[in-house]
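Structures are listed in the sections that come next.
In the two assemblies presented below, subunit A is common to both, partnered first by subunit B and then by subunit C.
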Partner chain A sequence: MSVQHEEDVHHAADLEHGAEEGFNAGEVIIEHVSNSPLDHPILHLPHIAGIDFSVTKHVMMLWLVAAFLFLVVTMTIRRHLSQDKPIPSGFMNALEWLVQSIRDSIVLPNVGTKLVNTWTPLVLTLFLFILVCNAIGLVPIFEVLGLIDRFVLGNGHEAESLINSFLHGGTTATANYNVTAALATITFFAIIVAGTMAHGFVTHWKNLVPSGLAWPIYILLIPIEVMGMFVKPFALTMRLAANMTGGHIAILSILSLVFIFNQVFESAALGMGVGFTVALPLAVGISALEIIVVMVQAYVFTLLTSVFIGMAINVHH
Partner chain B sequence: MWGVGPVPIVPSLDTLSCSGVPGAGTLMSDQSNHFLASSLNSLQENVRRSGPAAAAGYTLTGAILLLGGLGHLFDRWATTSHWGLVTGLLLGLVVGFYELAKTIWKA
Partner chain C sequence: MDNPLVQPDPGLFIWTILTFLVLVWALGKFAWRPLLAALEERQRTIQKSLDDAKQAQLELKRLQEQSAEIMATARSEAQDIVAKSRASAETVREDVKRKARAEAEALVSNARQQIQQETTQALQEVRREAVDLSLAVASKLIKKNLTKEDNDNLIQESINQISTSQN
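Our next item is the complex of A and B:
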């Protein structure tokens, strides 16, 4: 009896070991969509006031996007100005159309004519930054580098190489809740600044609740309004990060079918068959949808930011 | 309510023909340009109008999630099983529907 029990324990341990050795879809997906861990940062930096300032992959992507946008936009505008052409052409034409569209179709209807030029730069910056952060997450830059590292340079996945350090975590910085929370914090303060600029500091806070109500109503309304103030940026944070994470999880889950079928049925041919007939077409379709999601999410974030700023400026109770 | 009327997103499509030279396009290209311009204007107007509604919708969801989450955290901290969560969810509903009601009353 005890021998049988020991055999069962060994068998269970073997199965557990096998499961650990085999393909773990959840682990792969989580590693892909999450940031690189702090014990594998891209750049080690010291702790300041108990905070680890090491540069992780998402921080690096934020810097890359900021530098890319700064260089491309500045160079395009400088070149256009130096040519002294009244009508822009090429990329400058597209950029001008984008700026005008954001100003006229998002900011102007919400903020109004008086303050449109005050708030367009902020909204435009948010739009371009989120758009490029979203879009760069669809480009498998580091995955291609990883393939070159494995199959051309012949390095193993445990090798201490720079490329291997890039392969920890995904590249979509806007799929990180900390990034979207930081962006939403900018919106939060922009709402307060907009209301203060339009009505003055005291009147802005008074405008939170309608005037002329019985005082017991204010006991209910003021806490609700204060909570509403924090709910708006929270909704922005969750919406953007969840949408950007969701698409990647969907694509990776579908692609995981190849390895799951291969493992469960112990047949590479079946795995490949499922890959070519089901996983690949579905992944391509969802990737195409993701291209739309990338633009829509940037648009929705800026639209909601404009609406919230407009609500602080154009108060109607 | 928002102070200004709709602003055309593609004003140039109304004034330019396909070739880019005014007056050089055919009647058909003018019609298709007009159709495209009016379609885009209509889309833009719909999107503009949906802004406050989208804000109210996301605020409703966000309020329930945020306050429900805070209630859950309170439950874990104070070991008050589920009372914090229920209170948070109810508060979230109140805040969310208040924001929704404000949007509807304004409209």
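Our next item is the complex of A and C:
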């Protein structure tokens, strides 16, 4: 259903590009995956210390996801807790299952029973935040709004409406390296905080390398471990952003076949034929695959975060 | 760095961290911590209920054993009482029997003595009657008054005769 919508929307959006200056698949795809341009933000905010704090599409997506998550999760949990009955019902069932599986199969085995309740809230929030950020990229909310705006309400392409400003850029905030780098930075500091809380500040840094080795080994080991400290969040950053970007690029490339055929053979019928026989089934298949990737990547990010936090708490050398 | 896919955007970076930290704080305070506490509380309640049930089962088993024990004691005591009362009844009966027999024996021997006495008396009377009768008969037969001496001799002789004949 949603895939069908996405399809239609991309057709509409891409047709216009094609009409203007000839179809450039690469440019179109990148525009649909990357953030909205900083010089055309949704909301202009002042520079602070040389940093542009303007609200771009990805910032807005982060806020939407955060607000959505906070409302849904908090309302569900508080309604359940206020009823004072032990058995959950409705959506609370799913939420409780999620909370318990993350607590018992992700956090508990890594962090241990003593600190499990300290770190479960962070890991839970990380998982749900990444999951919803990933998943919302598969739902063409703004494209549908744009279609309605243009074809139902009849506003022009150049109109400086709010909806038009929402149309630039991809909806998947986690496909942006800046976002995933920020999330990995959270993990980076969570590891340090976890180690410091468990062993004290100095001992945490001493725990980076095993004690009682000959000094030449330390010359080798300390740089490696310090590098490892930064490589872990870097890997998290790259894995999540690349996976999110990759899937969307694949879907968009396949959909571009419609316009490429249209342009090369100068036949709208051929373009539509390729669209319905090749591009649509393939895009549906990849979208189905994307659903799995969305969940797996959220899971991997949180699992690795738990593992790293656990390694700082239970030091094995 | 023309490609927007790899464009550094420190604003977005900082916004992400801020958004996420606020979300962690808010969800932690209003959702996760209350829920985790409730889950743990429920886990404790269930564990306690199970323990209580087990305890109750053990208690029930203990009580059943105790009641069985009490029943067994009561049964053996009842048997004891029955046996004892049977024994005492037996002794009472034996006692009564013995007394009755003794009384009966006493009665019988009394009667026997009395009979003996009466018999002796009767015999003496018969003997005296017999003497008187013989005297009368004799005097009639002889029709002669004998002397006192003859008379006494005759009487004595008759008595002796009777005694010997009786023997």
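Methods note: the second predicted complex is superposed on the first by the 297 of 317 C-alpha atoms of A that agree within 3 Å, B and C clash if a C-alpha of one lies under 4 Å from a C-alpha of the other, contacts with A are read in each partner's own complex, and residues count from 1 in each chain.
The working rule: contacts are C-beta pairs under 8 Å (C-beta built on N, C-alpha and C of every residue); 3 or more make two chains touch, one makes a residue touch a chain.
Remember, predicted model here, so these are calculated numbers, not experimental data.
Chemist: Going by the contact rule set out at the top, does A:N176 touch subunit B (first), subunit C (second), both, or neither?
Modeler: Second partner only.
Chemist: Could you look at A:Q297 and tell me whether it touches subunit B, subunit C, both or neither (first, second, both, neither)?
Modeler: neither
Chemist: After superposition on the shared chain, which partner residues are touched by A:S101: those of subunit B (first), subunit C (second), both, or neither?
Modeler: first
Chemist: First (subunit B), second (subunit C), both or neither: which does A:N207 touch?
Modeler: Touch partners of A:N207: none, neither subunit B nor subunit C.
Chemist: For A:R239, is the partner it touches subunit B (first), subunit C (second), both, or none of the two (neither)?
Modeler: After superposing on A, A:R239 lies in contact with subunit B but is clear of subunit C.
Chemist: Hey, is it subunit B or subunit C that touches more of subunit A?
Modeler: The larger set of subunit A residues in touch belongs to C.
Chemist: Would you sort A:N262 into first (subunit B), second (subunit C), both or neither based on which partner it touches?
Modeler: A:N262 sits against neither subunit B nor subunit C.
Chemist: So, does A:N35 touch the first partner subunit B, the second partner subunit C, both, or neither?
Modeler: Only subunit C is touched by A:N35; subunit B is not.
Chemist: Using the superposition on chain A as set up above, list the residues of subunit A that contact both subunit B and subunit C.
Modeler: Residues common to the subunit A contacts of subunit C and of subunit B do not exist here, since the sets are disjoint.
Chemist: Touching subunit B in the complex: which residues of subunit A?
Modeler: 101, 104-105, 108-110, 112-113, 224, 227-228, 230-232, 234-236, 238-239, 300, 303-304, 306-308, 310-311, 314, 316
Chemist: Using the touch rule from the top, collect the residues of subunit B that touch subunit A in their complex.
Modeler: 1-4, 6-9, 44, 47-48, 51-52, 54-55, 58-59, 61-63, 65-67, 91, 94-96, 98-99, 106
Chemist: Going by the contact rule set out above, which residues of subunit C touch subunit A in the complex?
Modeler: Contact set of subunit C toward subunit A: 3-17, 19-24, 26-28, 30-36, 38-40, 42, 45.
Chemist: What does subunit A use to touch subunit C in their complex?
Modeler: My answer: residues 30-31, 33-35, 37-38, 51-56, 58-59, 62-63, 66, 69-70, 73-74, 77-78, 80-81, 86, 96, 99-100, 103, 117, 120-122, 124-126, 129, 173, 176-179, 181-183, 185-186, 245.
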